[in-house]
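Below is the structure I would like to discuss, written out as structure tokens.
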Amino acid sequence: MDIDIIQRLLENYKEGKIPLTDVLGKIRELPYKELGFAKVDIHRKIRCGFPEVIFCMGKTPEQVVKIVAHIVESGQDMLATRADSETYNAVLRKFPEAVYHEQAKTITIRKTRENINEGLIMIITAGTSDIPVAEEARITAEFMGNKVKALYDVGVAGIHRLMRNHGELLKANVIIVVAGMEGALASVVGGLVDCPVIGVPTSIGYGASFNGVAPLLSMLNSCASGVAVVNIDNGFGAACVASLINSKRE
Amino acid sequence: MDIDIIQRLLENYKEGKIPLTDVLGKIRELPYKELGFAKVDIHRKIRCGFPEVIFCMGKTPEQVVKIVAHIVESGQDMLATRADSETYNAVLRKFPEAVYHEQAKTITIRKTRENINEGLIMIITAGTSDIPVAEEARITAEFMGNKVKALYDVGVAGIHRLMRNHGELLKANVIIVVAGMEGALASVVGGLVDCPVIGVPTSIGYGASFNGVAPLLSMLNSCASGVAVVNIDNGFGAACVASLINSKRE
Amino acid sequence: MDIDIIQRLLENYKEGKIPLTDVLGKIRELPYKELGFAKVDIHRKIRCGFPEVIFCMGKTPEQVVKIVAHIVESGQDMLATRADSETYNAVLRKFPEAVYHEQAKTITIRKTRENINEGLIMIITAGTSDIPVAEEARITAEFMGNKVKALYDVGVAGIHRLMRNHGELLKANVIIVVAGMEGALASVVGGLVDCPVIGVPTSIGYGASFNGVAPLLSMLNSCASGVAVVNIDNGFGAACVASLINSKRE
Amino acid sequence: MDIDIIQRLLENYKEGKIPLTDVLGKIRELPYKELGFAKVDIHRKIRCGFPEVIFCMGKTPEQVVKIVAHIVESGQDMLATRADSETYNAVLRKFPEAVYHEQAKTITIRKTRENINEGLIMIITAGTSDIPVAEEARITAEFMGNKVKALYDVGVAGIHRLMRNHGELLKANVIIVVAGMEGALASVVGGLVDCPVIGVPTSIGYGASFNGVAPLLSMLNSCASGVAVVNIDNGFGAACVASLINSKRE
Amino acid sequence: MDIDIIQRLLENYKEGKIPLTDVLGKIRELPYKELGFAKVDIHRKIRCGFPEVIFCMGKTPEQVVKIVAHIVESGQDMLATRADSETYNAVLRKFPEAVYHEQAKTITIRKTRENINEGLIMIITAGTSDIPVAEEARITAEFMGNKVKALYDVGVAGIHRLMRNHGELLKANVIIVVAGMEGALASVVGGLVDCPVIGVPTSIGYGASFNGVAPLLSMLNSCASGVAVVNIDNGFGAACVASLINSKRE
Amino acid sequence: MDIDIIQRLLENYKEGKIPLTDVLGKIRELPYKELGFAKVDIHRKIRCGFPEVIFCMGKTPEQVVKIVAHIVESGQDMLATRADSETYNAVLRKFPEAVYHEQAKTITIRKTRENINEGLIMIITAGTSDIPVAEEARITAEFMGNKVKALYDVGVAGIHRLMRNHGELLKANVIIVVAGMEGALASVVGGLVDCPVIGVPTSIGYGASFNGVAPLLSMLNSCASGVAVVNIDNGFGAACVASLINSKRE
Amino acid sequence: MDIDIIQRLLENYKEGKIPLTDVLGKIRELPYKELGFAKVDIHRKIRCGFPEVIFCMGKTPEQVVKIVAHIVESGQDMLATRADSETYNAVLRKFPEAVYHEQAKTITIRKTRENINEGLIMIITAGTSDIPVAEEARITAEFMGNKVKALYDVGVAGIHRLMRNHGELLKANVIIVVAGMEGALASVVGGLVDCPVIGVPTSIGYGASFNGVAPLLSMLNSCASGVAVVNIDNGFGAACVASLINSKRE
Amino acid sequence: MDIDIIQRLLENYKEGKIPLTDVLGKIRELPYKELGFAKVDIHRKIRCGFPEVIFCMGKTPEQVVKIVAHIVESGQDMLATRADSETYNAVLRKFPEAVYHEQAKTITIRKTRENINEGLIMIITAGTSDIPVAEEARITAEFMGNKVKALYDVGVAGIHRLMRNHGELLKANVIIVVAGMEGALASVVGGLVDCPVIGVPTSIGYGASFNGVAPLLSMLNSCASGVAVVNIDNGFGAACVASLINSKRE
């Protein structure tokens, strides 16, 4: 569209309909991104593999339904995170094909289901209470076209549970470690594998966990070197980073 | 002594030298601890196995020498912590038998060397930088009459180093885990053993370790249940608690 | 079980049914803990005196009932902490023998009631508001087979209440001090006794208590040396450590 | 002076030299405090008992000497706090009567030495390392004309040391409690006496004392009700408040 | 009572009914406070002017009613703080003479209404939202027998409101400054008066007030020297300290 | 009024009805602000352009209605912030002309609608969730007589959205940047424009945003120099500062 | 230059030397800012009134001299902040016209000295220790072409010092308030004037000032509405904002 | 080796030299990792591409030299981080081939120089002061066999500097963003590219940057989804993660 404007401008100029100074003026005024709009669009596709993710927290069910409609009508797959059941029911009434992932609190509407990326993303949790955050990561990563394997409740208080799965860990292209309390699992896993580890501290715990500060600091200070960290409870963000890592590994 | 005062008071009263009201008044004024002085003294002996530990930080070498003299002349063993080499040299000039433990920054003068407690205290560190704090704990624990075994540099980044020593861990009556950075070692050890674990977070690390806050929170939120924690870099305190635990295990 | 597998493997090898390389391969693949399963099991028994504790916070009543059933059916005693009355009622419907400790918010189903450990665990609180945390500790410690004595509301604002019980304190093998507000009680008790003190800071207080940070810091900086600390409101954890300490004191 | 200006203004007005509007305009412009200058001065005398205290931190020795000269030449007593020996030497060269209180790091030049206030201010410390802060309080309180009694090293780790002096505590009009580490002494003293207690947390300690935050929070959350708190290491401020309290008690 | 026990003990001893060693043993075992019980009781009366204050937060209405009954039946005045209207109604049903101070959320039952202390306690607030905390202080101070004057909504955003009342401020024996947001009022008042100022930071504010941390730090760092601070929202504590200060000023 | 008092005083004095000393005494007693009352009043008008803003949080609907009545009856425009719909309905019943701005949670009653200030205040947000805070700023700024232009959802995750509006930004006299999460928008805008930028961090976000601390710190550390910051979620305050800046730009 | 490239491109296209698609491709690749380079340059001039400010902290004297040379040789005025005397001496050797402002720790080389902006920037400090930060602001504001008036040591502990200068305050277009300790001055000034107030918290203080956190929070929570805040000790930043505000007031 | 032990054990058993129970006992005692030692070794090679990195902080020059010798003599490349010039000189005396990277404070001894990974790691900084941390990352990433491109001083205060290099950014496989102050660059870059972004907050800044906390929180709350974070100033760690990401992209 914008590129059309410029094209017409240039043709007019060539045909002598407008002077050079006018063309220069117009170009100077055109916002940069307008010039590159198409490219931007493409690189957004490349970047995420999907148009837009709806963060439902703080939005009314009606607002969410409206955005869902916009995405679905444009023929794209839809992912909504942090959605409660009330929001889901509102979406369901208009889009019977919508699927609710209760633990993950996410809604998806997907037409395509092939995996774009061949590599494996492994998602592991320290405890059972960390599973909702891990599930948000799992649904997101799968939605983005990744093969995902989940390994839950392998925290360091019983390290043999993790050790028993050492072989599985080594098959992953990238591992998402979801852990609350002291978050030690990220360091231990980081010391066992040869792929990047994305740590997701969770707000699971009480008292001096300070709603996830304890595992956050723990993961940032990991004595194993291959660990990077995202925000507390940010399963979605971890899956985004993991998918970007995995997308280059075919 | 104080008990003598009361005894005389009572005898005088019995002999009719002083009236009842006087006795009651005197007793009311006598400080409680005076009545129980001897008992207190004894229970201090029982509690620590030595009279007094000198915390040198913030004291001049001269002050330290004076307190050392007081202790040594009363025929007791002497332990001074957080002592720099200047302080040691000042002590050495007057007490050639003084021994300096450089990494632990402690000075000891001991006549007796038998172990009072039979059980084993194990002290393990995550990294080599944690060793000075661990050595403060080791010297203190030995001084208090405990058998001590040290196992250094077994942090979770290479968990096999710890696993290889699992058998050793199981021999301890109490384990002191000294760790900086993310302090994950305390949780991992806590999950492997059947004895109390005393966590000592250290200020080793930088940035978001916040001088030991990261491992402190980590250890307080340990997902393994048998872990209790002392102050950052407090090797001495950990050894005190460990010695009290160990002292009842003969 | 696992040890059976290895035994059979070795017998087959000895009998020439399988070659050496096969045996080596199998052993290498066997998880470490499998080799030591029996021992691990035993040491878990030794460590806790019971199979598993259910932390109810964040679990639905249905989930809790399922885990309770699993434990009870395997013939073991059951302890569930942080359980509200709704959860208790759900458990009660299936297990009429379940007992609810309202202040402690714990549910127990016990068949055995003998004390494994002879020593005494004393639990004291600074105020009446600290009692629920103390009760969690008491129920847990008793469940683990310890003799427990409770001494509540002896905070330092009226130090004579504590002094009056000095003799009682000296009978304990380990003392759990539960205190909110400024948490001074841990230091004072630590200075009066010759056994380890486990401090439990509570979130009792307001304003600058910061939900338990004030007593937490207070206890970590105790001027008495024999004090170690667990997480804020962690009565359960304190009882675990205390039981481990007490279990070696027969 | 200012009052003179107004007086003249009014006389001129009465004599018809200036119109009413002019007088109103002038009065409106006159700063409030100018009108009350003398009173303000007097109430500053009443408030502090001395003209001005020099806070030396961040001032060069030359700057301090200049202010000292200004105060001394106006015939008043002089108090300078947080002064190092270099500053003292600079002052001493010009004012041989200057006295340096080394532990308190204060300099005084006093002509009058009578006590203005009859009541007793008691200053007690938990440990020996808290003494410098306590000495700043003592010198300040004495300088302001109070009788002061010091009782050092009576921390709660050995509560009998404090108990032995219970009678002394009861004689005070106000007690300043100086304590680092966990600062429990303020609560304990607050529970033993019937006069206001001013808590001074000190930066003595390490690790989780966070340079005095631990005792600060401890004192703010005191379970004893008669305790108010000043800034960390603020011996001077505590003495100011205590002197104000004591000054009304003759 | 306890003193009776000792008296009888001594009489028996004098009469030769029990030997000296028995008396010494008994005395040693008697808790210190028992010996001084009467004195303690008296000094508690002196200290507070009333037997006990009920902190209702965290207590059920039934529990509060029970304690109220205990106090009232012993013939004493009763003060309960942090009481909601439900608790008040429960109290009212049994004690029709109970008065509820709605803003202060306190309940009182008083027979005596004379002022014990002659001096004036002034309570001022920065804004109208700080009034509930100030009212808790006012009711408490009056209950303790003090004359109280309230001056509300004189915050520094319109400093003339405070200045207009400068004369009033100077009449007080002690001033309680209740302020949220930035808490600047304490410093300003501290610079205007010659009596002690007790600062009460409130949790009024939002965002970077961090529930009262901003005014707390502000008051602790007051550039005026005569300011001491109590916990956030602690109107009761401020009144206690103020009453102790005022009680010596007759 | 006050000025009348002084005028009469002076006239009486001139007429010899009262002596000079009486006049001086009276003047000394008159509060400063009384002298300057009229001027103060005027400068309050200049400062804010309206008499008083009602901060509804913590006020009952009845209290708000009372204050609204007071303002409206005095013939002035009325602005109430942080008002919920219940409060609005209470106001509406008495003042049918009241308008509720739902997102901004503000109520206005305006008679005058002209813009006092000619310059433009631009308000931009990073995301859609920041809009309520921005709307509070917009309503406030318009109420104060400013032209306002809003540009929402131009956060840095898609920087081209902002770039496309670079020209618009340059037209503003002052820009209010409302952003939660990492708050980077303030720095980016600050680097693009030649007018002051007022940053408003919002509590939008979760985990390590710590209710707005992350964007607050971000804006305070802005690498662009023309940025100043107000409290978290303080749209009202930002509009006040912006209006003061804009008011001098006609 | 860049505009030349586009001009040539367009001419070539018009002359048929290159096809339309080539022109479009080239334009798309051209960075946005290149198109607008001249305009950007101009708006930078408008924005700051000078080319570049050197932040010396963390740069070697040699590095600073090199940048100074670059600026001076291009004929522009030079301002370097946070420069120590060693850096100044290095600059002085090459540029004898360089002036060092010792308290402000800034170096300037100025040819032009006229004021661009007519309005007055007033800079006030609470204490004498805040002066270095204020001086950094003053030198910066003057360098940017503003009239500046300084009013130092008018903190709220003696509020009359500020009141005496109320008239002066009202003359300013914008006021910079520099204050450490509790930072109350910003609120008080904000309540007295009708122009924007920029608060600069300083790290002056100790203990619970936490290196400037106390005044930072204080200023962010100002109960006066016209106050915005910059980073701790950021005199330079405050002057930038003030100059931007003032620059529109001719 | 260890596998040899087991082989011999099994052969002895088959030959009847030792009974089955002995074999089972021995196997149970063998550390798990011993069985897998060779594999572990290999996966460490795969993981890092080099044997060991020396973290020099807290090590004496002599200690560093010893470890360097150990690595070099085993024929491997050597990397030492956080090394000062004194340490470098000590290394240089024994290893003349050692290279010191002054800004990065790293020492390298490399024999092989080919790149193992084909993809590009781009490292960008917000300011010039962030360069040392970026250089640590660059040297580390190159040492690990990656192609690295550096783009320094492209902070968001002049966003056009970054935009001009948009094309370059798109060529990277992974981007390391090194930024202090408000750390906004990570979010902006994250919104412009389709590869993972590793944020490294730096301690560059002052006041409310709190030694890197501000950019750390900023990056953790990035509104762009593809950003993960490492510890403050941890250039080494960022390069490790980036290299792991890049290593799978050939």
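A, B, C, D, E, F, G and H label the chains in the order they appear, each numbered from 1.
Assume a residue touches a chain if its C-beta (ideal position, glycine included) is under 8 Å from a C-beta of that chain, and two chains touch if they have at least 3 such contacts.
Since this is a predicted model, take the numbers as computed values, not measurements.
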Matching residue numbers in more than half of the contact pairs is the bar here; say which of A-B, B-C or D-F clears it relative to D-E.
B-C
Out of B-C and B-D, which chain pair has the most contact pairs?
B-C
Centre-of-Cα separation between chain H and chain B, whole angstrom:
39
Chain D to chain H: how many Å between their CA centres?
55
How many angstrom between the C-alpha centroids of chain G and chain F?
25
Could you check chain B for residues that touch two or more other chains and list them?
32, 163, 207-209, 213, 216, 220-221, 225, 231
Where on chain D does chain G make contact in their complex?
29, 31-34, 40, 57-58, 201, 203, 211-213, 216, 231-234
Within their complex, chain E touches chain F through residues 129, 160-161, 163-167, 204, 206-209
Within the complex, which stretch of chain E touches chain G?
126-127, 155-159, 163, 181-184, 187-188, 190-192, 205, 207-210, 213-215, 217-225
Which chain A residues qualify as touching chain G in the complex?
3, 6-7, 10-11, 13-14, 20, 23-24, 27-28, 31-32, 35-36, 39
The residues of chain D that touch chain E in their complex are 32, 43, 46-48, 53, 119, 163, 170, 173-174, 193-196, 198, 216, 220-221, 225-231, 236-238, 240-241, 244-245, 248-249
